[in-house]
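Note that the chains are named A, B and C in the order they appear, and that numbering of residues resets to 1 at the start of each chain.
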Amino acid sequence: MLLQESSSSAPRKRPAPTGAAFGLRLGLLICLLSMLPSAGCQSPSEDPAGGTVEETVKLVVTGSSTVAPLVSDLAKAFEKKHDNARVDVQTGGSSRGMSDARRGLADIGMVSRSPKEGEDDLRWHPIANDGLAIIVHADNPVGALSSEQVEKIYRGDIESWHSVGGNDAPITVVNKAEGRSTLEIFLGHFGFESADVEADVVIGDNQQGIKTVSGNPDAIAYVSIGTAEFETSEGTPIKLLTLDSVVPSTAAVRDGTYPISRTLHLVTADEPEGWVAAFVDYCRSTEAHPLVEGQYFVPLGG
Amino acid sequence: MSRWVGDRSLIACLRLAAATTGSVVLLIFVFLVFESWSALEALGLRFVTDSSWHPASDPSEGTFNLTPMLVGTLAATAGSMLLATPLALASAVFCNFYAAPRPAQLYRRMIELLAGIPSVVYGFWGLVVLVPLIRQIEPPGASLLAGILVLTIMILPTIALTADSAFGAVPESYLQASAALGLSRTTTLAAVVVPAARSGLFTGVMLGTGRALGETMAVLMVCGNVVQTPASLFDPIRTLTANIALEMAYALGDHRSALFVTGLALMCIVAALVLLTEAAAERWTVEGP
Amino acid sequence: MSPARRAGNVYARGLGRGKGDGFLSTAVWLAVALVVGAFGWLLFDVVRHGMGGLSLSFLLDGVESSGRAGGIGPILVSTLLILGVCLLASVPFGLATAVLLAEFTDAEGSFGRPVRRSLDVLAGVPSIVFGLFGNALFCIYLGMGFSILSGGLTLACMVLPIFIREAEEGFRAVPDEHRLSAAALGFTRSRTLFSILLPAALPGIFVGLVLGVGRALAETAALIFTSGYVDRMPESLLDSGRSLSIHIYDLSMNVAGGESNAYTTALVLVGMLLAINGTASWLSDRWVRKRWMTH
């Protein structure tokens, strides 16, 4: 008892802090925190190096999850060519790519569609063509759909595979979450609104669609033809549906017969200079074509 | 004199550090308010009155109804609490009043292990094991039910461990008195042990609720993420947390700001829960059991 | 605690049985069987599917083909760096706060009470909210971008309350004789703190550290918007780095055919966490008088 009392009273004689003192501390904390970046962070990529500088240069590329795997591959090859260059690729959707490029958070943005009206404040650099494929599980007996059938499935008017010549199983409709340009292109082609879609599963990234379909024999989804062909070549159990009697393939995208296609772009806030220009030019060069084809996209002018 | 100065500056440093850690929560709050301000101003009541959740960066183009996700979150939380609480209480009762010392200790260890498994592993397991199982009963599989089951396994250890220490703290004399009165085990538990441990039990349940409300990745992986008010256990849902994780990377302008509103709402709910728990614990401690 | 509880156990087992006890017993045993069953199922599954891919080269190799092939070398390094940043930032502040709360201020006083309350609230904040906050403050406002530094600092905020609670228990477990003897010897408070209290409270501090590491390792949601997805070997703290938990998430959600490596990564992560939590509870059983287990 005695021990407890002495210990609890001895060290506690400090006066209570006033509100002002607390505010002061908060101010101090904020000062402290704002000193952090100057201590730890030298601006990573602003050095407009011409290529002779020894120090490492980091380019930040953000945006579309459709374009990201391609640009990651291009980045790796680019890093091999230039020892002191580092290219960081982060996915986050096309609109994020544009916004980050505008605000300077990224050096380059990735956008999986063509510029819309009012977006010409950015510089657009097309790098490849791609189409949207409707995919189902490899075991699904259905091999072709018409645009009308796809629309009915997504609107919830057709609910069983039986109605389109398949098994007697309910269709699991996979849709993309808001803000993805793949969703915009899909809706644009079929001419309906995002609010009309009766989805059973909503996914984020492009890859997630393939993953969901490969794990669910009754699912239907739409993804980039490039991604889908890449995955089938890796042995993933999915298949691309013939749409309005056109077989989706990079060849059909190349000759323009496949109905849903788009151009993948890199965007920059200003006319690219230095390393940014070097990387953009590399992505557009014929040297990059094998890599573009390796990801099952269609090289420009190829 | 120098000794005195040394002590003074030491204490000043400690207080500064403590004030810093204490104000982290304030800083988070300020940031959330700051980032959500533009959406709060532009949208206001539209978070409950809009027709659906189809956000756009320009508030005039999109619709911003958060209620289906709020309902989804509450349904998942309530469901998992309904399942986890009895299981956790039974676990704690088992450890304290049924099992022999050695099995009890073993079981306690197992629950502690369970508490250490990261939620992403629960989510992954739910995705590859539970979702396909549920799909065989009623497609699409990714559903409110999957979310409830995963959350149940996740929060069970939190509640069980807190309840276990609450039961362990019930004074021996209570049990002896109860035995002297010739009360049955059921009566002893219901009329003596549970009331005596109520503060700890309540804390455990509240902690579990907080975790279930705030869990993101596990529910994102198994719930299907369709924004809708669920009509059955097999309907897919999207929770508030999953909504942030799913759309944050893609969101711009007021859409992004709306996601911060979601974060702010979650934080307020959880803060209220924590403060409520403490107030209750304080009151029960003062009054005594 | 455990001897007392054991005594209670023995005693309770001798309680009389009355009407309805059969129902309660059945219910309790059923619930326990259910919990053991679910846990066994989960763990068995992870071990069975994960064991096959586990090898030294899996732990060391780089990530290939989005994680379908190759190993988790860079991810382990990123994870450790994130943990390092987290500890460097949280330990000094946490320790100072714990010392102040346990030794130099009235726990329910006008300073101690608000600090404690705010820490309690902080402990309950959902991790995705930490992610939002970290993204807004560290990545954007302070310009650190998606980086290991941003991720580590975000986790530091998250881990603080857990670490402080345990460290404070450590100080409270130091017997008062120590403080009295020091006072009798005319030690200043700083000297008492550094040469007597701190060493004596080390077990509690260490338990806090271990639990904090466990929480940080398990975290996913707070990291997706702060440390990012990049799976390359990090070269500086300003590089983006993927943590083990994010890797599991990415493999299971985004990579078709990624399950087997997701299982192996999960096995590695669960193994690390079990080792860490095991250490913590072993230490606390051994050293600390009483631990408030609410992780």
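Heads up, the rule we're going with is that a contact is a pair of C-beta atoms (placed from the backbone, for glycine too) under 8 Å apart; a residue touches a chain by one contact, two chains touch by 3 or more.
If you're wondering where the values come from, they're calculated on a predicted model, not measured in any experiment.
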item: Most distant chain from chain C, judged by the mean position of its C-alpha atoms; value: A
item: Higher-contact pair (C-beta pairs counted), B-C versus A-C; value: B-C
item: Inter-centroid spacing, chain C versus chain A (mean Cα positions, whole Å); value: 32
item: Rounded Å distance, chain B centre to chain C centre (Cα mean); value: 16
item: Set of chain B residues in contact with two or more other chains; value: 11, 15, 19-20, 23, 26-27, 249
item: Residues within chain A bordering two or more other chains; value: 14, 17, 91, 204
item: Contacts with two or more other chains, residues of chain C listed in rising order; value: 104-105, 111, 137, 189, 253
item: Parts of chain B lying in touch with chain A, wherever the complex brings them together; value: 11, 15-16, 19-20, 23, 26-27, 51-52, 54-57, 63, 132, 135, 139-142, 224-227, 236, 238, 246-247, 249-252, 255
item: Residues on chain A engaged by chain C in the complex (per definition of touch); value: 3-4, 6-8, 10-12, 14, 16-17, 33-34, 36-37, 40-41, 44, 56, 58, 60, 69, 86, 88-91, 105, 204-205, 207-208, 210-211, 214, 231, 234-236, 238
item: Footprint of chain B on chain C - complex, ascending; value: 1-2, 4-21, 23-25, 27-32, 34-36, 38-39, 41-42, 45-46, 92-94, 96-97, 99-101, 104-105, 111, 114-115, 117-133, 135-137, 157, 160, 164, 188-190, 193, 214, 217-221, 224-225, 245-246, 248-249, 252-253, 259, 262, 266, 269-270, 273-274, 276-278, 281, 292-295
item: Residues of chain B defined as touching chain C within the complex; value: 3, 6-7, 10-11, 13-15, 17-28, 31-32, 34-35, 86-87, 90-91, 93-94, 96-101, 104-105, 107, 109-125, 127-129, 153, 156, 158, 161-162, 165, 168, 170, 172, 175-176, 178-179, 182-189, 203-204, 207, 210, 213-217, 221, 241, 244-245, 248-249, 259-260, 263, 266-267, 270-271, 273-275, 278
item: Chain C residues touching chain A - in the complex, by the definition given at the top; value: 65-66, 68, 103-106, 109-111, 137, 140, 142-146, 149, 153, 176-177, 179-180, 183, 189, 228-230, 235, 237-240, 253-258
